[in-house]
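Here subunit A shows up in two complexes: once beside subunit B, once beside subunit C.
Take a look at the complex of A and B:
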């Protein structure tokens, strides 16, 4: 459903992505792994229209979105949970979730989506009138994912969902990601926590210094010599 | 808003409505209240763009000036007051729409500097084209009375506060606040950040415009340029911060404080109120970023905790 084909992306004169191609099919979990500064977040920014590729094409559900404004891309059912989470700290949990259902298509299904989010994250229901800024890191990540789910997206993109979280919380988050994917939402997850990401991913891409250097099923990459030595220290 | 809040607002409004009819009411009281309404409306309208949508506009005086200028010229030219009044707001709103497209592409401090520069350019232009002062001609002077000015200014401040309150309840306002909190995150969840900023700008400008209209109707004689001076912007900024930025009641509270202090001090020490307000502003920014309203919140929390 998402096709990134051969994009080059540059910040001004500084090129950071070369010939990156990636594909996410319907009802699948795809991971993109790689070290810091490899271009993972940049790829996602290009997909969301926050950056424009110099070369190449990005399509979503068969439609070219290479030049589409971000809010329209989101309207089409593609939603990003950024690595800095971007929850609105002075607004309440409830207001944050309501904002998630801002686009027209999502508005009609607001109550239904909210109920579902509260089922997945009961803690958010408990804390709905609390300001987002007073939540813990893990709760804030749940709120960010919950807010994205309010949109009832077709494809959910998660940028470093494990960043800065305690290992136990990371387990919880990945369980939820798995659960969401079984409900028919495709997921593209970008991670430095390679082990976790490859375990839940059907297919994965390894990106290094702006280039895709390897791609295969998650299971195969988990046992791959090179990946193991480079990313898991084994 | 809680029951108590509505009650206080209702009593206050009733008192303000009957004030001109009361036996002890005099021109001095009405004049101070009109000034209070104008300062409160300026602060509250500035707060819609800065406090709700997070865009610090340092050229707010331009909209006040445009509203005042339009209304004054049309009204003295013989157009009905109501028409001149609405036109003042519309001209200000149209100006915001026109400069909003380029200016709102600027972020943070650059938007502040950009709007300040635009307002100053307008200020200079007006002082060159209309260097003189505008005095009411004979017929208007003969029929001049304060209560109608009072009610117009009161009406303006009520409209501004009503719009601000409505925004805190409406989707449009919630969208604005998400842009204030984190523009990139707002965009990432499908909120059109630019459109929300532009709406906030236009609404804020329209309200500043009709505040200017009320000023133009109120004053017997003033220099055209006076309404364009940056002081109108900075008073609104100070008042808003001291009262509580991003809230509905904050700018009103700040305005009451500002006008009272100004009036008390102006009779004794000219312009000393600015020093006091400057010091107060610094103190608020340093120790009470939420303004007086935060003080109130803290007191309330302390009281409920000690029970």
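Take a look at the complex of A and C:
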């Protein structure tokens, strides 16, 4: 579905990604793990067209999206919930969700998608007229995921969904991610919470200082010596 | 005595509504695109001359001419953004402001000289048959033209509020103002949103221009004074409140009018600037702006 092949990305003169390749197949959960500053978010920015790679190619559903504008990538069904949550704090919960269905195709299925989102996150239905800025961190993450679901994505990318959340809420969020994946939506999850990510991922990539250093099935990486000592303190 | 003060307040409200309307487009563009268009006053001038032309050449009523001014200046704004300002909106915030100022000042000169070529440097005004008509209300005189201007200013604010709060594209504009990256990730075409916003800001300037032409007069050189007035109102109001812009405009208009009455006409501009400085130092987010 998503093929990142050998991309180099630089901020001005500062190169931060070298030769990164990654693949997400249909109906799968893939994780990308690694320490802070390894280039995880940069990779996602390149995928979404917020940054352009200097080298390499990115394709989605067989189409080259390396130079495609962000909103068109989104319209194709590739959707990112960014690290900074990606909700509009001055808009209400309802308005945030409505905006989620901005592309024409999604707009037609708005009511249906909204019902689905409220089923997954009942709290959002309760808070629909509240401004997103007044929500708690966990609720805002739910809203961000809900907003992404309004687009009826084929592939959902989550950047650090556990960041800054209490462990109980993190459990909830990961349960939802699992649930979404069983409905046929592919997931690419990027995490510092390596344990959590590897547990739900069929396949995973380890990125360090801008390079993919290891990739294998989630289960294998979970028991891998190197990964365990570097990321789980075992 | 009381009647004179009331008259001054009422005149202040009517002029102030025009200040608010002049500032509305500037505030919208600044809030969404984070660029400062110092040629905003020139767009007001162009709107004014459009009305002047339609009145002089075709005898079209100035208020009816709004139906032409609105789309015309929208297109002018659209083109200016497409050709010039769209090149700076991708820059980081600091360079965006700086470069937009340079473009704006350049544009000011170009549009001024264009206006001199097209309409000469003479002062022009539009005087329909009802130019001097006025209503009397308890000893207070309400010139029909100014009153209509006041109503149009309120309608423009209401229309803009309605657009921003109810329509899909309006919400897209608000979303883009808050965070363009997240907006793009939501599937919103940022470039179109910017174009639309700039065009809207320009047409609001155009409406203000029509009202300036019927209420006062225009010349190719009125741009700067209106940009400054609009800038004062934008700072007074703060960002993020459409109604606040109109309220700040009216506040400025009334203050100017009263200070001119008490201390003489030469203090009119000064008092406005003093309030501007006080607000800037005591409440930098503006009177109606949300504090961070």
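Odds and ends about this structure:
By definition in this document, the second predicted complex is superposed on the first by the 234 of 234 C-alpha atoms of A that agree within 3 Å, B and C clash if a C-alpha of one lies under 4 Å from a C-alpha of the other, contacts with A are read in each partner's own complex, and residues count from 1 in each chain.
In this section, a residue touches a chain if its C-beta (ideal position, glycine included) is under 8 Å from a C-beta of that chain, and two chains touch if they have at least 3 such contacts.
Everything quoted here is computed from the prediction, not taken from an experiment.
When both complexes are superposed on subunit A, subunit B and subunit C occupy overlapping space and clash.
By the touch criterion defined above, A:48 reaches both subunit B and subunit C. Of the two partner chains placed around the shared chain by superposition, neither subunit B nor subunit C is touched by A:176. In the superposed model, A:201 makes contact with neither subunit B nor subunit C.
By the touch criterion stated above, A:155 is placed in contact with neither subunit B nor subunit C. When the two complexes are superposed on chain A, the residues of subunit A that touch both subunit B and subunit C are 48, 50, 69-71, 74-75, 79-80, 82, 84, 86-91, 95, 98-100, 102-103, 106, 147, 151.
By the touch criterion given at the top, residues 48-50, 69-71, 74-75, 79-80, 82, 84, 86-91, 95, 98-100, 102-103, 106-107, 147, 151 of subunit A touch subunit C in their complex. Those residues of subunit A that touch subunit B in the shared complex are 48, 50, 69-71, 74-75, 79-82, 84-91, 95, 98-100, 102-103, 106, 147-148, 151. Of all residues in subunit C, those touching subunit A in their complex are 168, 171-172, 174-175, 178-179, 181-191, 240, 290. Residue ranges on subunit B touching subunit A, taken from their complex, read 171, 174-175, 177-178, 181-182, 184-193, 246.
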